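Each of the two complexes below includes chain A, the first together with chain B, the second together with chain C.
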Partner chain A sequence: MTDLALPLKAEDAPPDHDRLVLAGLLSLPTLFLVTLCLIPLFLLLQLSFAHRGTGGLWSPGLELTQYAQLLTPQFLKVALFSFSLALTTAVISVALAFPVAYFISRMKRRAQIAWLVGLLSTLSLSEVLIVFSFQVLLSGSGGLVKALVALGVMASPHSLYPNFAAVMVCLVYLVLPYIILFLYPAMSQLDDDIPAAATTMGASPARAFLTVVAPMVKGPLLSAGLLVVIFTVGSYLTPLVLGRPQQWTVGIIISNAAMTTGNMPLAAAQAVALVSLMAGLLGLVRLLTKGGSPAS
Partner chain B sequence: MFGLEISNVTKAFGAHVAVDDVSMSIPQGEFVCFLGPSGCGKTTLMRMVAGLESPGEGAIALNGRDITRQPANVRKFGMVFQSLALFPHLSVGENIAFSLRLQGQDGRQRKARVEELLTLVRLPGMEKRAVSQLSGGQRQRVAIARALAQEPPVFLLDEPFSALDAKLREEMQIELRLLQKRLKITTILVTHDQREAMSMADSIAVMGDGKIQQYGSPLSIYRAPANRFVANFVGLSNLLPVEVLDADTVRFGANILKVAPMPAPTLSTQATLSIRPEDIQLTAANAPGDNTVSGRITFIRDMGSSVEVHLDCDGRDVLSVVQPRDWIGAGTGDVAHLRLPQNQCRVLAA
Partner chain C sequence: MNGGLLSTLLRRGFLALVAAFIAAPLVVVIGVSFNETRRMSFPPTALSLKWYRAFFADAAWMKSLETSLSISVLAAFIAVAVALPIAYAVWRYNSKAAKALAGVGSGLFLLPGVVTALMFSAFWGVVGHVGRIENVVLSHAVILLGIPVAMLSVGFQSIERALIEAAQTMGAGDAEAFRMVVRPAMTPYILCALVYVFVLSLNEYLIAYMVAGFSVQTLPIRIFTSLRSGYEPTMCVGAVIFMALGFSAFSLLAAIGDLPKLMGRHRPLEA
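Our next item is the complex of A and B:
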């Protein structure tokens, strides 16, 4: 072996020491993943096959009784509603967040920082606080209703909730800062010369946007939408507080099964169904955007 | 007239005037460089020509027709951007065919034109490649081919070679110049590299502070810089403070020097004498004759192909670049005599 070959070899295969450091660094997140995610998931799975006893108790078993109950029209209807709610929220919030993220990324550095810090600070408000604030805001004696009556838009004061719109508005409000922050890096990477180049080749600004900009941001927008679906498909508090029973989601049904009915195995089976549905959706999106999912 | 006419164009961004009352005409088929330091307004001027920015004041006309208010997508001046701005989601062929598709050409026509352009930029058979698979020089060529696909009336390039290494840059410069001569297309290239401008352009517009400082052939700008800014920016110049005595005589310290005749001399005023380092001749002995200044050698740099000699003349640093065969072989601290040929001494306003 010549001397020249030595450094090359060192680069190709890191020495044992480096490998140990790498293993040490990776072991911590792995530990977190196993203890905080995989073990609870396994327990949930085990519980979903358990035999239901009386008075909220259960005994270990391997039966499919609870899974059979998932196929009832009531549960399927709620599951379908949860998904359409999540999907609608995703479409609305991404449609709103996309231009906002784009304009923030085109601002001066200082203004960008101010906006990003502002958005980040809204994340410090808890979901509970926001949902109950919406309840106050939309109530018959709330400020919004008073303003609408004063402006003559509303004839007499009445509460603006519970209904689908109230649930929708609150969910969009909850996810919007996340989605703007999620889309911001992708938008900052977008080169302004690209649409400009398209216009010098004869494309109108609208056409340049559709043929050049849109395909380039397709990946990040899809990932953002998926993120919203994951966030909202299991939503619990918002539909419970601001919705009618028709707007109840799988989250509320699971809670009812566990807390009201005391049927823990059923709640577990419903949760497993929700998780597997999400996993399936993730896999599908990955398949659709294979090779081209930046930012995700 | 045929060609591009820029009349009194001004563009301000807030309080900052990027382009300040610029007028120039570019004859059909000419290759013009906008040369200047960063922030001098050269890119803004080019973007106004392309239609990507609208002038605050002034007018732009092509072949006698006013196009000031015409949007970029109607002008269709082919442009190569500094970032190249290739569409990453499209293949090489689709990038080049972008404008052809917008024109509504059918697949066969597009394919034929793409093949023709790829041959022109010496990348035959690359149409199926992804942009990400190309090297820097190849991307450059694709960007040029894409901008030429629509047969633009004016071809614009904004610092197109700045990302390439020195060797590739020179190759691309030569290639682009040959291509431009073959196609006889009116071309504007923006650059801060004076070597690039000197080697490619028919005419150079030297820009500084949003204004055109001088517009002319590369050689006329190099030989006769119009002012201090141009003398400093284009090549190296010795700039010496002098007092004007008459139309072709100045005083530098205790020396009386003959200079190229000034068209409108202002007598007994302070001015600047500009002379290129390679025009100064060094002699060991004080030969009789006009226009010599003596100085002490402070620093010598022998580059092999030339010798750079710094001298202290009357407290001023003067640089002389001599050919090895003319080098007198003196050392640091020696006194040498500098002969300043009269026609190479130009007096600029102080």
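Our next item is the complex of A and C:
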């Protein structure tokens, strides 16, 4: 009989019985992931080098035609825009989510549960719906515009979208609950004694928060920012509906190439380029933080 | 203490603003769904339930609702069923193969939606199985696999080894210890993972659209199509139904499980 209480070490050669159990446990998940993840990923890569035929058809090949098409100023501009949009969203949403997560983790139990249920419920809203409600909220006949005109902030009622700010606000809205929930465990693990000591020694609570609490959670904050970049760099619906064509992202370009133009190989090459750029960014951040902070 | 009062006020004000920001779109959608007029305007001018009647009388909307619900329920069960043996093998056997599978699952979740949508659209095209509902179910189950893997791993790690040892000292065998300790400890995490995948699949638009959008009309696809082709108030009813579904699913979770702990809080909280 094996001992359930003791975790086995990887270097221990598992007894035959365990090996059999393990094979039984993992055979279906392996089959599932190979068929539905590794094979499709390989196909995508193959597709990006494929030879493009007529009428949306393609045949396997080893052509760089698609990649050559990426080196146009137009695509590079869109890629650059997508990354700067994602980085701006990351900075704003983490700056907002950090204090919110901290305050929630300090609340009474009932209040915490209410906030958690509220945040989780907004996750249950489709991006389609959120984009739509921002359209209503920002439209010329919406309550916000009416209120702004009544207050004299706006001279005459006009729609507050499409523009960059509308895209930005909506993207921050979309990622905010995820980031608060992502930071919540780290915040609830924080010790209260250290910021308390700082305030006793004369620092204001805001100062204690920024100079004592923030450095303690540098790692989670950085990961949260990276997550936002990853989630928003491929954004599609929000810039499509709330932005002008100048605010179109790689996500829209890829989807247009695949669905509108029917140029699947080009879409695949754009997708591969996007993922490579993301991986490059992640590697860069890793490299930069390696020397600086042992905590992360 | 003047500074203390000021900082409390500032904190309350900041939290109230964030709560208002988070609630704003929900309030707008609910408001518009009860609006009497056909025009898209907020705040509503006169209240009416007529769009709700129209929604439930419309066969096409009901069909979309049914399609969406079946896709999400199936995707949730498949994803959790695949994640459970992986997370268990990592915890119990420290298996390298299981860790690799968990890594592949989470890595896929981090890819942009448009990339995975394109990938699956190409895959189902090559397989020659186009525009079917099961394509969406399987694609969602794979994409969202990272969530149950992460949640169930947290769950397994929270199980006290001491409890299992105690059960074994009292003469329980492997199977019995599993039934007495592991299963009850894991139930809330499994439910939480199911709810999460269900809700995310229910709302996913791009993959569903690119994989089978022409023949399978999920609720988000239908809402987006009607959004593009001109506004109709019934879509807001669909939206409100979505919110109600998500809100009740997570409230249920809060009622049956320890939500702060499920969300990763390890320190106990005073009531």
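Here, the second predicted complex is superposed on the first by the 234 of 296 C-alpha atoms of A that agree within 3 Å, B and C clash if a C-alpha of one lies under 4 Å from a C-alpha of the other, contacts with A are read in each partner's own complex, and residues count from 1 in each chain.
Definition applied: a contact is a pair of C-beta atoms (placed from the backbone, for glycine too) under 8 Å apart; a residue touches a chain by one contact, two chains touch by 3 or more.
Here the structure is a predicted model, which is why all the values come from computation and not from measurement.
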Is A:216 touching the first partner chain B, the second partner chain C, both, or neither of them? first
Based on the superposed arrangement, let me know which partner A:100 touches: chain B (first), chain C (second), both, or neither? second
More residues of chain A are touched by which partner: chain B or chain C? C
Return first, second, both or neither, reflecting whether A:229 touches chain B, chain C, both chains, or no partner chain. neither
A:204 contacts which: chain B (first), chain C (second), both, neither? both
So, does A:78 touch the first partner chain B, the second partner chain C, both, or neither? neither
After superposition on the shared chain, which partner residues are touched by A:171: those of chain B (first), chain C (second), both, or neither? neither
Which of chain B and chain C A:196 touches, first, second, both or neither: first
Check: chain A residues flagged as touching chain B and also chain C 204-205
Please name which positions on chain A make contact with chain C in the complex. 1-10, 14, 18, 21-22, 25-26, 28-30, 32-33, 36-41, 43-44, 47, 96, 99-100, 103, 105, 108-110, 112-113, 116-130, 132-137, 139, 141-143, 173, 176-177, 181, 184-185, 188-189, 204-206, 230-231, 233-234, 236-237, 241, 250-251, 254-255, 258-259, 264, 267-268, 271, 274-275, 278
Enumerate the contact residues on chain A facing chain B in the complex. 191, 193-194, 196-205, 207-208, 211-212, 215-216
Any idea which chain B residues touch chain A in the complex? 50-52, 71-79, 81-85, 87-89, 98-99, 102-103, 146-147, 149-150, 156
Contact footprint of chain A on chain C as seen in their complex: 3-4, 7, 10-11, 14-15, 18-19, 21-26, 28-29, 32, 39-43, 82-83, 85-86, 88-89, 91-98, 101, 104-105, 108, 110-115, 117-123, 126, 138-139, 141-142, 145, 161, 164-165, 168, 173-174, 177-178, 199-200, 202-206, 210, 219-220, 223-224, 227, 235, 239, 242-243, 245-247, 249-251, 253-254, 259-260, 263-267, 269-271
